[in-house]
Amino acid sequence: MVAIELRDVRKAYGQAEVIKGIDLSIAHGEFCVFVGPSGCGKSTLLRMISGLEDISGGEIAIGGEVVNRIPAADRGLAMVFQSYALYPHMTVRQNLSFGLENINTPKPEIARKVDEVARMLQIEQLLDRRPKDLSGGQRQRVAIGRAVVREPRVFLFDEPLSNLDAELRVDMRGEIAALHRRLENTMIYVTHDQVEAMTMADKIAVLRLGKLEQFGRPLDLYNTPANLFVAGFIGSPKMNFIAGQVDTNDRTLMRLDTGETLRLPVTGFAQRAGEKVTLGIRPNHLCASDDGPVTVHVRSVEQLGGESYVYGQTATGSAITVHSPGQTRIGLGDTIRVGAPEEEIHLFDSDTGLTLREA
Amino acid sequence: MTHLKLLGTTALALGLAAPAMAQEIRFMCYSDGNECEVYDDVLTRFEAANPGVDVIVDVVPYQAILENLPIQLAAGSGPDIAKVTDLGGLSQYYLDLAPYIDRAYWEASFGDTLGWYRGAAGGDAINGMHSQLTITGAFVNATLFEQAGVEMPGADATWDDWAEAARSVAAATETPFPMAIDRTGHRFAGPAISYGAAIVAEDGTPTLSDEGFAAFTAQFVEWNNDGTMARDVWAGQGGATYQDAAQEFINGELVFYYSGSWQVGRMDSTVGDLFDWQVVGSPCGPAGVCSGMPGGAGIVGFSATQHPEVVAAVIDFLAQEDIYAEVTARTRNLPAHLGVAQAGVEFEGASPAAAAALSAFAADLADVAPSAFRYQGYANNRAMFGITAERVSQAIVGELSVEDAVARMAADLEAALADAQ
Amino acid sequence: MGRTWEFLTATRGGARLHWTDWASYGYLFLGVFLMFFPVVWLVLSSFKTEADLQRYPPTFLPYQQQTITLDGHADPLPLFRITGGEHEGMILAQLRRVGLQAQMIDPANPEERLQVSIRDYERLERFSLATENYSDLFGRFNFLLYFWNSTFITVMATLIMLLTNSMAAFALSKYRFRGRTVVLLLVIGTLMIPQTVVLVPLFLIVSELGMFNSLWGVIIPGAATPTGVFLLRQYMLTIPDEILDAARMDKASEWKIYWRIILPLSAPAIAVLAILAIMWRWNDFLWPLIVLTQSENFTLQLALNSFQGELQTQWSSLLAMTVLTLLPIAMVFMFLQKYIATGIASTGGK
Amino acid sequence: MRWPGWPPTSRRRWPTRSKGVAETKGQGATAPAPPPEMTALRGAGDGFALRLISPVMRLVEIPMIALQRLLGINRLAWVFLAPNLLLFGLFAFLPVILNVAYATTGGANVMLADRPQIGMGNFERLLDCANHLDPNTCREDKFWRAVWNTLWFVTLQVGIMVGFSLLTAIVLNGKIRARGFFRSVFFFPVLLSPVVVALIWKWMLQRNGVLNAFLDWAGIGGYNWLVDAQWAFAWSVFLSVWAHMGFYTLILLAGLQAIPRDVYEAATMDRASPWRAFRRITLPLLAPTMLVVLVLALIKGVQTFDEVYAFTGGGPGTATTFIIQYIYEEGFAGSPRLFGLSAAASLLVAFVLVVLTLVQLWVNRKSVDG
């Protein structure tokens, strides 16, 4: 069983703390995605798990063993790098066998394993080429192959798809997912792209500024984001936010900054009277209706045929996106009113950013 | 770790280069012609007579003798024997041969030259064998004189006479250079003494700034500037760098060339039938002195050697009259060995011109002033040579006036003497 | 100067040569001439006889006086073409020259002596290489031994230098450790002290270490060069750290990373350094002169200079000697030249 | 004609991924990765070289792994540094320390133990001048002549050399056929030993040399170059530029090739004139490389010795005597050997070099950061 356990893991470069105490446990066989904006520390965290980066505080356990002092090579992990980091002076075959040679695997066995992995990843015909003679996708496969061939306990991926074009990315996404199903290993995957996270992950860890914002299943994160940040980060297009204040007398009445008012559901939220709150509604839950509570000035409209996006602003300038299936008659410069079903509303504390959910 | 390994393997590879001899004597030698070859050859006879002794002649560039040998000696890592030119300057490292040799024979054979090796310390040690005596003097292109129809100045002609004659010959024959003197303080000293310079007084006090020295300096600078002297030689170099004008003379571009007896062999072999040349010795100065500079190289043993008796035996072997005569003949040098000199040397394969030249030089030895001998034996003469070459050159190219140059020479000498203490 | 600025944009795709192209090629060919002609001239001159060397104006190719051997004359006699006077047009052999007159004989009629003014004749010559300049050199010493010594010193010093310098460069470019900046500054600091000014202390140290009169006394002191460390470090900085990380994940030890990843990837820079090191060691004169005094240890440079006496220099042997020492360097250069540009990394910003 | 080994447009750069930059790169964008093109020893060469060294390397690996376990990865750096530092310590730092000791002693003895302490006497002697601008008023006039000569020489040599190196690098960076060939041509003189360089040019420039023959033929008339102080100096500068510019050309060329071509394309689209593109794009982007070149050229320029010494011997007079020659002659070649004075002079030179380098780094601080 190769579960990974992070306990109050910290990392500091001199005075600057970049990982500020992260607790996380990844179960055996799970595909876990670290996602977050740039600078959130997700790659650093991955490198700390890999052993390439020292741990300043806390501990990391892999398969129940604390590995803080174990060098990268001995942790039984494999890693796929953003730039692939193939050895440019070696052929594909040499790239794949380098790691096996390092653990003194007998030659016939190396050959057998390399061939097997090459077949699996469909790179057999590339074995005698050098990395510079490969396309981006091929390099990616070789990089993955290099990780696979050593049969590691855990796979680490550091933004492996960010150098590929859009189409290839979708393909590779599928292949990596398929690989996971096939090998059933624990995998940790770092990306800044929440689409990748949503499509591939069993569990997503959302990181920001060295802190874990939320850890959970993709749909849980989508449906019940823990805070404003996660709500805004997960889901595309972004969730709409409108700031306001709960009426001092009526806990279910929200006064938007635009001057408009909105009726909140009676149950489900833990808001207090007079509290500053932020309203969150996903674009696909917003719909234009004459009795909608919020006025939006339309700035641009995207008609994709099967669906359409309307981009606009509230009176106070908050950006609003409305996503609707089918085509829309709303035009540029229109002023529309929008609303959403009560059950699709998210409410956050404006000061702390935390979701106001009834306990 | 790799280093050690590498060291190990190469030590094996090199092992065969140095067979351990019972008595290996290292002889650091430099050649101006074929000296080292000849020594190597005659020493095989010594080796044959002394089994177990191996004298290895290491032929090195002259620069190694001049610049590196003194430092090696100071660090205690010098050779056993060397051929040196800084005779007095290295005297503190010499092995006193006296206990191993026949003092009477040596004193009878080498006379005054033994004093050159005693340096500042003096005493009566026998430190070295003067293997090659040289004397400065002038080579003249007789053919050019003939063509120009100019009478060659006579035996007691002055430097002025020769300058006058050389100028008119050069003008008549369109030869680029009337005169040249090798660029070294040693060659400069001969004429300077003739002009009245004391250089090293009888009490051993050196000076580079007396009237005579200043007079010749002024004259020499003037000659360089009016085209009498080949300007290339002194002005073309810096520091104390040695520069000769033999090439120009050989090419027939130079009428009067003041160099020394060691050039005879080269002139003989390279001038060929291009023109007739002859040696006219050293011209006289206004004071009536007609001195050249003696000089040369000697063979010395070093006191740091493991085998002093063998070193002494080797040098004594070379000092024997027959061997000395043979070497002198084969290398076409003037003998410093009085016995050999008296007997006369039959120079091997020398043309009549060369033989005549060598006799002319030998004859000129009589004219050498006592101060010239003192200068040659003076321990710090090398410093003085350097100072002369450097400062006179500066005066020629105009960096210093003649007066300043002379003043600088005095100051430099004073500083050098202070530092050499 | 303006011509080259055009090249900065270099977006012109036309096949026709623009005038700036002409200017560039003009500049480059001028460069070829300036860089090569002196060397070519040196090589050609080294095949001239001492007499030919002294000729003015010089000829481009080496020529030698034509001679003829006649009965009654032991030495071959030089041949001349008579260009004026009563014997105009004849080819005569010179017996002897006396001043402006030459005594000559007609090879067809060797009995009669003719007087010719030297203004009226010119030498008969033909193209000929004075290979004796070289063979004389070889004849004078044990060429193979000195060549071996030089080669041994050069190869060993180069290998040690490449090894130690690349190890140091690896440490300085790929590790973060305390004191890295200090070490880097020290390395650059050693640039400030050329070997020439520390000859005496260096000699004393080498003597103390017992390396005097040993080839190692030449090899070891030259092995650590700031230039080498600097050059390799700049190059290694451009190798992405991710490749090292990948190797670490592949269970490679740091030493393995060094020799299986870093060394092969730095090959171009190492080639450049190898060229420079080989050149430095092979050409070295002053230091071997001090350390090596026994002839069995001499390098080629020392041996070739060993007949530089106090008083005489001969151009013909000097030139031949120079060409001889130049040759191995030129060969190495030809083999490794393709690396010289790729091997110097941009030093920008790191 | 294409030279084997380097395609004219090859750009030996890896996708630069330094830490921190990576994550900002292309938020969700799909930047195509620049191909990691590397010119490693190829094919047979690679295998051969590797096979040659691998037994040794494998052997060394055993203790190295033990050390790695013992010290950890980052402290292992010291192990990698150790051989080099040992060599540096023994043969670079120790001599300098000894030089400091020598500088405070007088006399002509070689061994330090035999030398009398004279404190700062040597420095005082060197610096003793009535007017530092006029060497004739100085006690050690040769030192000051050498100082002023060196100053002039370095100014001219570095200026001219870097100028021509830049010009050559720019020309070579253009669309040039046989670029490899030309590159090698300019690098070739770098390989010649200083003595050979001096000999070649002495041979070319001597009174009866080929240059004078050419000038005579052209009707201009020859000249005895090396007897004239100004000309000898000028030719020394020329010779030194000739011998060393290839090295700096290559460094600058590497710097130029690191500037992405699309920057120029953008400048062309912005209608920047070539001159402006040079001033506003090339020079600023080349500044860090330029700094290295200037620092190196300056240090090496001040240390010029062998080639000029063999070329003119420092003459005529002292016209081409530079500071290292002064040190060499005072301490080694001259008589008496003033090790103390020469050591003091060498320390002064090293001090000035360090200061100059720091000043250069400081002045260029901005352009490097920018």
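Think of it as A, B, C and D in the order they're written, each chain with its own count starting at 1.
What we mean here is this: a contact is a pair of C-beta atoms (placed from the backbone, for glycine too) under 8 Å apart; a residue touches a chain by one contact, two chains touch by 3 or more.
Everything quoted here is computed from the prediction, not taken from an experiment.
Enquirer: Which of the two pairs, B-D or C-D, is linked by more C-beta contacts?
Expert: Answer to which pair has more contacts is C-D.
Enquirer: If you average the CA coordinates per chain, which chain's centre is most distant from that of chain A?
Expert: Farthest chain from chain A, going by C-alpha centroids: B.
Enquirer: Which chain wins if you rank chains by how close their C-alpha centre is to the centre of all protein C-alpha atoms?
Expert: Closest chain centre to the overall C-alpha centroid: D.
Enquirer: Centre to centre, by mean C-alpha position, how many angstrom separate chain A and chain B?
Expert: Inter-chain centre distance comes to 90 Å.
Enquirer: Go ahead and note the Å separation of the Cα centroids belonging to chain B and chain D.
Expert: The separation of the two C-alpha centroids amounts to 40 Å.
Enquirer: So what's the Cα centroid distance for chain C and chain D, whole Å?
Expert: 18
Enquirer: Please work out the Cα centroid separation of chain A and chain C, and write it as a whole number of Å.
Expert: 62
Enquirer: Which parts of chain B, given as residue numbers and ranges, touch two or more other chains?
Expert: 2-3, 66, 71, 75
Enquirer: Can you list the chain C residues in contact with two or more other chains?
Expert: Residues 54, 163, 200, 204, 240, 242, 253, 256, 260, 264-265, 267, 315.
Enquirer: At least two partner chains per residue is the criterion; list those residues in chain D.
Expert: If we look for residues of chain D contacting two or more partner chains, we find 14-15, 17, 36, 38, 40-41, 46, 60, 68, 73, 83, 110-111, 332.
Enquirer: Touching residues of chain D toward chain B in the complex: what are they?
Expert: Touch residues, chain D against chain B: 56, 60, 63, 83, 106-111, 136, 141-142, 145, 207, 224, 226-227, 229, 312-321, 325, 329, 332-338.
Enquirer: Hey, which residues of chain C end up touching chain A in the complex?
Expert: That would be residues 240, 242-243, 245-253, 256, 260-261, 264-265, 267 of chain C.
Enquirer: Flag every residue of chain B that touches chain D in the complex, lowest number first.
Expert: So the residues of chain B touching chain D come out as 1-3, 5, 66-67, 70-71, 74-75, 86, 89, 231-232, 235-241, 243, 380, 382-383, 385-386, 390, 393-394, 396-400, 404, 408, 416, 419-421.
Enquirer: In their complex, what parts of chain C are in touch with chain D?
Expert: So the residues of chain C in touch with chain D come to 1-2, 4-12, 21, 24-25, 27-28, 31-32, 34-36, 38-39, 41-42, 45, 54-58, 163-165, 167-168, 170-172, 175-177, 180, 183, 186-194, 196-202, 204-205, 209, 220-224, 226, 229, 238-242, 253-256, 258-260, 264-265, 267-268, 275-276, 279, 282-283, 285-286, 315, 318-319, 322, 325-326, 329-330, 333, 337-342, 344-349.
Enquirer: Quick one: in the complex, what on chain A touches chain C?
Expert: 47, 50-52, 71-74, 77-79, 81-83, 85-89, 98-99, 102-103, 146-147, 150
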